[in-house]
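If you scroll down you'll find the structure; I have some questions about it.
Chain lettering (A, B, C and D) follows the sequence in which the chains are written, and residue indices restart at 1 in each chain.
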Amino acid sequence: MAKLLEVRDADVVFTSGFGGREKKRALSGVSIAVGGPHPAITAVVGESGSGKTTLIRLLLGFQSPTRGEVVYDGKPMATMSAPDRARFRREVQAIFQDPFDAFNPFYRIDHPLLAPLRQFGLVRSRDEAYARIEKTLESVGLRPDQTLGKYPHQLSGGQRQRVMIARALLLDPQIILADEPVSMVDASLRSTILDILYGLNRDLGISLIYVTHDLTTAYQVADSIVVLHGGQVMEVGETEQVIHDPRHPYTRALIDAVPSPDPDTPWNLDEQSGVPARFAPDEAPRPLHRTGPLRAVAGSVGDPGDVVTAAQIQLAVSAARAAEKPA
Amino acid sequence: MAALGNSLARLYANRSLFAGLSLLLLIVLVALIGPLLIDPALSRVGATIPRLPPSADHWFGTDGQGRDMFTTMILALPQTLRIGIAAGFISLFVGVALGLIAGFVGGVVDTIIRVASDVMMTIPGIAILVLVASYVRVMTVDLMAIIVASLSWMVAARTIRAQTLTLRERGYVAIARLNGTSGLKLIFVEVLPNLLPFIAASFVVTVTSAMLATVGLEALGLGPQNDLTLGMSIYWAQFYGAILRGLWWWWGPPIVLIVLIFIGLLLTSAGMDGFVNKRLEGN
Amino acid sequence: MVAPVLEIRNLCVDYRTPGGIFRAVDDVSFSLDAGERFGLVGESGSGKSTTILALMRMLRGGLVSSGTMRLNGRDLSTLGTEEFRRLRFADMSLVPQGAMSSLNPVIRIREQIADIFDDHGVRHSSAERTRIIGDLLQRVGLAPEVQDRFPHELSGGMKQRVCIAMSIALKPSLILADEPTSALDVMVQKQVLGTLGRVQRELGAAIVLIGHDMALMAHFVTPTASMYRAGRSEFGRGRGASATPGHATRRSWINSLPSFESTAAIRRRPTQSAGAV
Amino acid sequence: MYGEYVLRRLGTMLLVIFLAISINFLLPRLMPGDPVEAQLNQLMATGGGVSDITAMVESYRARFGLDQPLLSQYFAYWQSIFRLDLGVSLAAYPEKVTDAIAGGLPWTLGLLGFATLVSFLVGSLLGGLMGWPRTPKALRIFGNGVVVLSSVPYFLVGMILLYVFAIVLRWFPAGGGIPFGLQLGFNWPTVSAVLWHATLPAISIIAAEIGAWALGMRGMLVSVLGDDYIALADAKGLKPGRIFLRYGMRNALLPQLTKLALALGHIVSGAILVEVIFSYPGIGFRLYQAIQSKDYFVIQGIVLLLSVSIAIAMFILDLIYPLIDPRITAKGK
């Protein structure tokens, strides 16, 4: 039974300034899930400052919530035993945004590939390690002879991003958290990498959280989409429904801001009012109301359905998709 | 490793670093080989006729106390270097350790270390050194190194703390944590190698400030009484009014040697700034 | 027939690199009339920014090895340094990409705009100057009082609008916009691009817009202007902004782009059999 | 916001002063075998040149109250600080320490203040010009020469100047602050005499310090010239002079001010030594004399005065900083 990683009703508040007077609410009342019985891909979409990177840090255990908790396989992160924590560390991996910052310039790229195998004792010899590394590099479309033995500055952004994916795969993870994995990669390579990520779920049964500010790529790979703004979930639901029938005004504005590449479909660029519409997130997070079997929107839109969490919608969507796909 | 190879090439390209290091190397060689070639007896008080100007048999002349200046200089140079470098290493070690701890542990520990180094920076080092040195009855070279080191660790601490704070946030440190590395291994394997250029740069700055403090203390007569150092020979020259009496060869050579040391240190640290900044822009 | 605002013929720009000469811009030619919107598209490192830098004579380390650049009929290569300095922002202005860091952080917005007038010999009384700067800011959707604020007190979108206001202060005939919105959030992007378009049309100036988001460009560029597709290969030497004569066939090329309508969504493909690895 | 920033900087200053006073209190007590007592016994034994030894010993005992627990000594010490009673000079008994110091203060402040200001401003401008690509080559070479010169410690420069200009060329007096037997007053003879005596010491401080500021500024300007706002200023067709001053130097100056605040301790140390070389009647020279005669209370008094005045100077610099960099008060440094 694949394990479930959940953030339950979490708040993250950063205090700074003289005597900790200035408080910045990065996340408020967020419940997200990844993994579980039906591996799926959830896209977390939000602009800069929406709290999406903080969410990744919570899921990775790099940051503890001010309120609420992070639970893996039923065990809260805060009180996890050492062996459980080691197993968590191995089964939940991540890919980061900046390919130039993710590699220690002092070492060849073999270093971050050998380290996980040694650290978790997955190999008995150097040859066995390199065998696994080469196989994994090939699985992400890289030729080992053109990659291994090189320093990070000798590889292109696209190559480095794929090496980072390979590193995560070496540990046979159940869950991969991808923080804007393609935003700093050239457009031509973007679809290749998205293809690889989608393949991880489809072929290896790995569940992913795909964090991005780019709705079009979210539409490409994700089964469900969570729209985040000011640290609160505005809307969550199955991808097709959210994109083609957005309910929350913020989601609608986000979709409207994306230009369709076909110039004939109107985008009314010239009627822009000077000042953009402001979506100030309200102080207390508005609960999510179910507006369909696979949908929920923050705040009461029309007759509010029962209150539900984003996690529940995500799991519902992944279950529904599992039913569609042949086993 | 290839990284070391091309950095040597860049070293040559960075002229001031190259000039500085070669000057310092020359001085250290003289300090090591010199004492083997001279007769130390000539440096004892009364060994020669005092106040002789430079001549064939006394290349640097003789001082007011009958010491042969050339021999004295050859013996004094290693002593002064020893204080400067010993103080440099001690304060570098303390500074780097505190910088790493402050950078990585953060929170209250970081605040304490930061405030301590800022406060110590404001107190005029020489005044405290004067206070401490005037209490010590018998000053030796090693004790002086420790005293001087106690007031030049702050430079290294500040630089390393600032760098650690930025390096700690780098992607590859997070990746290393995902790979299961943690604690000291994380610091030594991932962060320290990238700190090396900053440590080297801080070492040069620390040795410079340690040397400055040492020579300053000695000029006030607070240096090691019975050991021969460049600073002390300047003090005795000044004490016996060599300047007023025009015995330039008594205080000239020590000043020239000290100036050469400091020029070497300055060229090296200026060169290193260029080298360090390039690395900053590099990755 | 009045001369085109901008005419570039067979422009080549070379960079000396340790590994030999790198041709960043390879034989690029295009021309622009007043009011025309021209899009220069390509991936990073494809030479599109280099073309603009060559035009503004701001190439650091690069060298225009061949080709001519004419602004309103004047051959730019014939102008001396001082002459060229006076031409900047008077005849040809630039909207920078990194608006976040393109404003002097320690002086107020008012002084940074006033500099443009002063150094181009345009004198105003201080009251008149305040009014003029206030109008400029209002034309780009900012309150006149913004001129008394410091850059760090403004949002990314507002800073970019200040840069647009600067670029139209001396009513130039050509505006060069180097990816003006790529550093901004999606929502703000649309507003700022809309403002740039409106202001350019009111001024009747020609505009060259550089970008890598082809969908965005498709909506901004007027149908008549053509687009250059700057090629860039993954490994080895990048090819310069290759000259595509006439109009790129936009229809076929656009369809390859990811979008909500296109059926090429990866997710739609039938699931392959498991066990790929 | 400015208020909160001032409060925080004031707090730092008070903390520094508190620590300086505490160190001054603890240091003599931490020393193995109290040298003050040893010194006194030695004086008592030889009946040294001090007239009423026993009175001095009593004042010393009362002063420290050796038998009382450390803490009450500490409070007694603080009370005396507030009463500005820093104890009595051992060498020139019964002269109070405060009087001994007060005499030297104006001299040091005048010399140090002037020399530091000149070396900071001229050094920074020279450094900026060295970093500015349009500066003529000759100036850059001159600048590099000054930088190399500045590597030489203060007092060595002083010695060389003393020998060349005072002994050999006799253009300047060989030391002291004013010629003996001159009526001090606000008249031209006094002022000219003071200036005449202060020239060589001032030049040696400036010569040694100017290069450090130039080197720092050059590095800063070179990095600032790489920033985007310089590129846009260039694109805006601004005059080179304006780009250099208002866009380049204005931003490069900020870190220099921080360095100035941090360098005050080092500058004062150097000045002390220069005063000794030129026997210039400032508190540096007074400190030197106190060391010679092991006059501990005067030494402590001077050390305390130096630390406190530097803390105050840093506080003043901190107040100036936000006026130049508006971002400081925004997020609170």
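We take it that contacts are C-beta pairs under 8 Å (C-beta built on N, C-alpha and C of every residue); 3 or more make two chains touch, one makes a residue touch a chain.
Computed from a predicted structure; not experimentally measured.
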- Query: Would you say C-D or A-B is joined by more C-beta pairs in contact?
  - Reply: C-D
- Item | Of all other chains, the one whose Cα centre sits farthest from subunit D | A
- Message: Please tell me the distance, in whole Å, between the geometric centres of subunit C and subunit D computed from their C-alpha atoms.
- Response: 53
- Query: How many angstrom between the C-alpha centroids of subunit D and subunit A?
  - Reply: 56
- Message: Counting only residues that touch at least two other chains, what does the list for subunit D look like?
- Response: none
- Query: Which positions in subunit B touch two or more other chains at once?
  - Reply: none
- Message: Per the contact definition, I'd like the list of subunit D residues that touch subunit C in the complex.
- Response: 227-229, 231-239, 242, 246-247, 250-251, 254, 324-327, 330
- Message: For the complex, give me every residue of subunit C touching subunit A.
- Response: 43-44, 140-142, 157, 185-191, 193-195, 197-198, 201, 212-216, 218-220, 223, 232, 234-235, 250, 254-255, 257-262, 265-267, 271-272, 274-277
- Query: Residues of subunit C touching subunit D in their complex?
  - Reply: 56, 58, 85-90, 93-94, 96, 98, 101-107, 111, 115-116, 118-120, 150, 152-153, 163, 166
- Message: Could you list, by residue number, the parts of subunit B that touch subunit D in their complex?
- Response: 115, 118-119, 121-128, 130-132, 134-135, 137, 209, 212-213, 215-216, 219-222, 234, 238, 243-244, 246, 248, 251, 255, 258-259, 262-263, 265-267, 270, 273, 277
- So in the complex, which bits of subunit B are touching subunit A? 2-3, 170-172, 174-181, 190, 193-194, 282-283
